[in-house]
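The structures come next, written out as structure tokens.
Paired with chain B in one complex and with chain C in the other, chain A is shared by the two complexes that follow.
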Partner chain A sequence: MTAVSNPAGFTPDETYTPDGEYRFRNSREAVRRLPFPFPDDEYMYSMNLEPHVPAGAGALRAAFDVDEHYVSECAHRDQMLQEMPGVHYLALPHMMEAQWDLLELIFESYNRDFPEHFTLTRNGNEWRWQNRLLGIDDSFTFGDPDTLPMDPMEYATRQAQGEFVVLEERDNTLVIGAGMTTQRADYSLQFNLGMNFAEFHGPVPKLDKMGILDRALKFLLRMKPGHPVRRVNWSLTVHPRLETSVETLPDWAPDRAEVTAGNAGDMVYLRIELQPLHRLPRSNAIVFPVRTYLVSLAELVEHAPDWAKRVHRALASLDPELADYKGFHRYHGAAVAWLAQHDDGAPLAAGYPWYPEGIQPG
Partner chain B sequence: MSEAHHGALHLRVKRIEAVTPEINRYTFSAADGSWLPPFSGGSHIRVLIPFEGETRRNAYSLMSSPYDTSEYQIAVRRVEEGKRGSIAMHRDIREGDVLTATIPANLFPVSKHARHHVFIAGGVGVTPIYAQLDELSLKGSSFELHLAVRGPEHAALGHELRERYGDRVVLYGDGDGTRLNSHEILGGLPLGTHAYVCGPSRMVDDVIGAAHAHGWTDSHIHFERFEDLGSTGDPFSVTLARSGAVVEVSPEQSLLEAVEEAGHKLPYLCRGGACGECETEVLELEGTLDHRDDWLSESDRCTNKLIMPCVSRATCTKLVLNA
Partner chain C sequence: MLITGIKSRPVYDELTPMATGASHVAAAQGSGGEPLVRLLREMDPDQLSATTVLYSVESFTGKNHLADLQDFAVRELVVFPTNADAVSGLDALLATAKMGTRLYLSGSEGFIGTSMQVATSYGMNRDEVLREHAGSFVRRVWCAHCSHYSENVSRRIFRCPGCARHLIVRDHYSGRLAAFQGVKADGEVPGELPENEELDT
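After this line comes the complex of A and B, so read on.
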């Protein structure tokens, strides 16, 4: 699956690894279309769920967003899967129906939202899928895994940005049944496979006390097909490294010790996660996609100065326990110190940027 | 696909068949000729039925194959008492009419881990099982159905299923004097079996009781419960203290929708009672609040001082909100 073309607007030769020397940057346009996750100066962990309806012209226009990094991200996924087979993609045997549901959802969405790049032609169960960005033109029988070169979920998500965790509904909870997670933020898919909702949220601090978990689960169990919801989440990471799984922790964790107030602007990246959850129609499973966007603090200052100010304030007032959970307590202070130089203290709008009255990039 | 996203479905009535003296089967296709959204066995849709100037929103299980989304089928039993939506379906709806319905939702899915599935149903309760058996049969799963009917003239759906699945379908009350006995059915089944019951509430209670008596765990007992998960209910009116406006909330809309329709704004995010964004202070109340959210704690509810307008309602003569 290598790109056969270099379509306008895409940057096909980026890397997300030290071997590739982290050859990654955002265009001004890519920064200003981000689903910026800080509606207020003070950050509070919350459900912040809302109906996943198209909003604005940026990352929330489509059901599953495609941006200028698409080709490079798909190549990175292929590389990760080859380097560590059986670690980043797993599916329990009874999830096959959900796999087809997910393939259908992704391909239908891409076909509808980006017809210039993708075409899905359906003739009953005989489907033809054309992905012009990756040079793919395949025909297969929907529902028959033998007509695809690999699992339907692997096939579809190798051609999609972001990671995908599929949750099965069982005994009034949700259980992890499958995942394509080459962009994991500090967890292990192998370890979490088969865990239920309470179990895989175990490490999040304070959740239980706030009762958030029970409410979230009840809400998710009521989700219906055709009515997706979304939330945004965020963290910080060092270097534009997408794959920060538990399995490779020795490779990336030491980088955290190298951040200083002097280099944080270029070394520290805000990692934004857009999570558009869908109930899948045939399997009754729920897919939990995590679409990850990386943007350096320096890129924010250059292209979205008001967002940089907001990040400064949110980080400066952050509960240390959350910084610890998110894994950046070690360079939290350095990031705040670097950002402080770029915050004049001017009042900022409240609300997410995809709402007209919300905070704009500046 | 036919308006699969965020909207209602528009269904054209393709065919109406009387399958028993009380039950009509309706076959729908998408009004615009496209495909209907796929679904899983056990799903239902809510059909909006025009009835004497009002709208009834009746939930009906989909009985057609989940693998053929060119059409949906439902069965409607005529019920004289109650809100009479089924009367309107039988009396007023003709082939060629277009009805509005919600996207399928499933509160009665089959277990993916069962070694064997036993279905127990009464009368029109067999409808969700049609689609479930289709699903299981295609997957090659092991199942049996026990269906009770009130006499041979009510057994047409049962005969259809016997033709498809043979001895795996057992009919009771079809003129041969047999009676469905849930103790006998459940008693001899192997571990790993899941039981599903859909029928009158005394049948559901009977099966659950029998299963418990045989030591079954709740995780292996499934029954159809048509809870109203929306925010519909009896009408009431609400006063918005800041503007003094009085807003009427109709049975078909939520408090939040009614306030918005009247041109006022309330904060909201999820519109499903989960996120807490629309929490609103109750200033005056004569009556009771009907809390349907997952946000307020028990103690919050007891104070009668807070309401979540996106899902919750009130039975009241007076309700004043700080909004």
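After this line comes the complex of A and C, so read on.
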């Protein structure tokens, strides 16, 4: 895969690794189109599922969002897969039908939502896929894995932003059957593969007590093809590092101890996860994509001052148990202290920004 | 019975003869011999004569139930010096097993988990297998950083023999790897270890 030199509007030479010196930044437009995940001053853990229909002109306009980081992110995925084979992409043997389902979903969505960059031409099962951002023009037979250079899921998700976990329905629960997870937030795909819904949510505190898990599972099991739903989630991370898996924790966890109230603006990134879930038509599996956006606290202050104030308030009132689970217990206070300088306490709108009455960037 | 707040840990059964079985394989390790003796007592003579018993005398707590197991008129009793040998023996036995075989597992979580990996590789379903935990609460732990498996881990924090890191054992269990997850305990500040404790649940 060789990236086209410099497609208009894209930043193809960004890095998400210490070796690449974290050469990453967001344009003003990229910040103001984010699926900002804090509808209220106080953050409450919830499933907050809503129909995944196009909303606004930002990250929720498309089924699978593509932004200025697309080319760099695909290059990062390739680098991660090469560095640690068998760790970031895994699929159980019986998941092939779901893999083709996912390829179709991603390619059709990109073709529909970004025709200037992607073209899918279908002639029966003979498909042609053109990806002008990565310089790809391939023909293959849908359903015949021998006509692709790798698994259909790996092929499609190497050309997609965000990570993808495919859940198969079995005995009234959802079981992890495959994943492309080069952007994991502190979990292990090798370890979680084959777990059911309750098992892989095991480490999340308080969830079960609140009855959220059971309700969420029942809701997901009722999902129908063509009616995707979405939720947003978030965490904090140090540096614009996408790959923070359990496996590499010794490499990235020490960064957490470097954060101070003085450097938090540049060191601490809000990690926003947009999760648009789809039921897949042939396999009846559900795909759980996690589209991750990174934005530094300083970028928020500069380009979206009202969102920065909201993050300050949500973090200041956060349950310590959640801060611990999300992994930023050690620098939680530093982030709040840094953000406090940029919050005048003015009242802010409630609701997600993709709704007209919701909180806008400011 | 092992009942904890760990959502991903297997829910264990009580061994009792499965009436639908045409042939029975009962594998146990150490303290797991006790539930096995109870199971064999509940079997009728026909079931006993259709039962192969595999028993490993390796035990973390030193319990040995071999003498009691020898009292039963089973099809075959095979004794192994180590748990790994017993799991290999189970693998060889299931390779030739026919439809209608029922499997009973008893012992440490590590022994049950690795035996389950073998059973799963032969396509045995959960309704063809009963598992009963017995003995100590020691855990089998997978190191997330070097993929080394440590048996019989009894403390929250231990040193990984594979990569020499201090690992903290998370309360998260993978059936596929048959192990709990171990991650670097002093990941954020080297040398700053959380308080250690006995893994007694």
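The rule is simple: the second predicted complex is superposed on the first by the 361 of 362 C-alpha atoms of A that agree within 3 Å, B and C clash if a C-alpha of one lies under 4 Å from a C-alpha of the other, contacts with A are read in each partner's own complex, and residues count from 1 in each chain.
By our rule, a contact is a pair of C-beta atoms (placed from the backbone, for glycine too) under 8 Å apart; a residue touches a chain by one contact, two chains touch by 3 or more.
Computed from a prediction, not measured in an experiment: that's the story for all the values here.
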Contacts of A:53 with chain B and chain C, given as first, second, both or neither: first
Partner contacting more residues of chain A (chain B vs chain C): B
Which of chain B and chain C A:84 touches, first, second, both or neither: neither
Touching partner for A:136 - first (chain B), second (chain C), both, neither: neither
First, second, both or neither for A:62, with chain B first and chain C second: neither
Partner chain(s) touched by A:195 [first = chain B, second = chain C, both, neither]: second
Contacts of A:283 with chain B and chain C, given as first, second, both or neither: first
Touched partner set for A:337, first chain B, second chain C, both or neither: neither
On chain A, the residue positions that both chain B and chain C contact, one per complex: none
Chain B to chain A touching residues, read off their complex: 1, 4-7, 37-40, 66-67, 103-106, 109, 111-113, 219, 229, 269-276, 294-295, 297
Complex interface listing, chain C residues touching chain A: 6-8, 142, 144-145, 165, 170-177, 181, 183-184, 187-190
List of chain A residues in touch with chain C within their complex: 188, 190-195, 198-203, 208, 246-250, 253-254, 256-257, 330
Touching residues on chain A, where the partner in the complex is chain B: 46-51, 53, 94, 101, 104, 108, 143, 168-171, 211, 214-216, 218-219, 222, 224-227, 229, 281-284
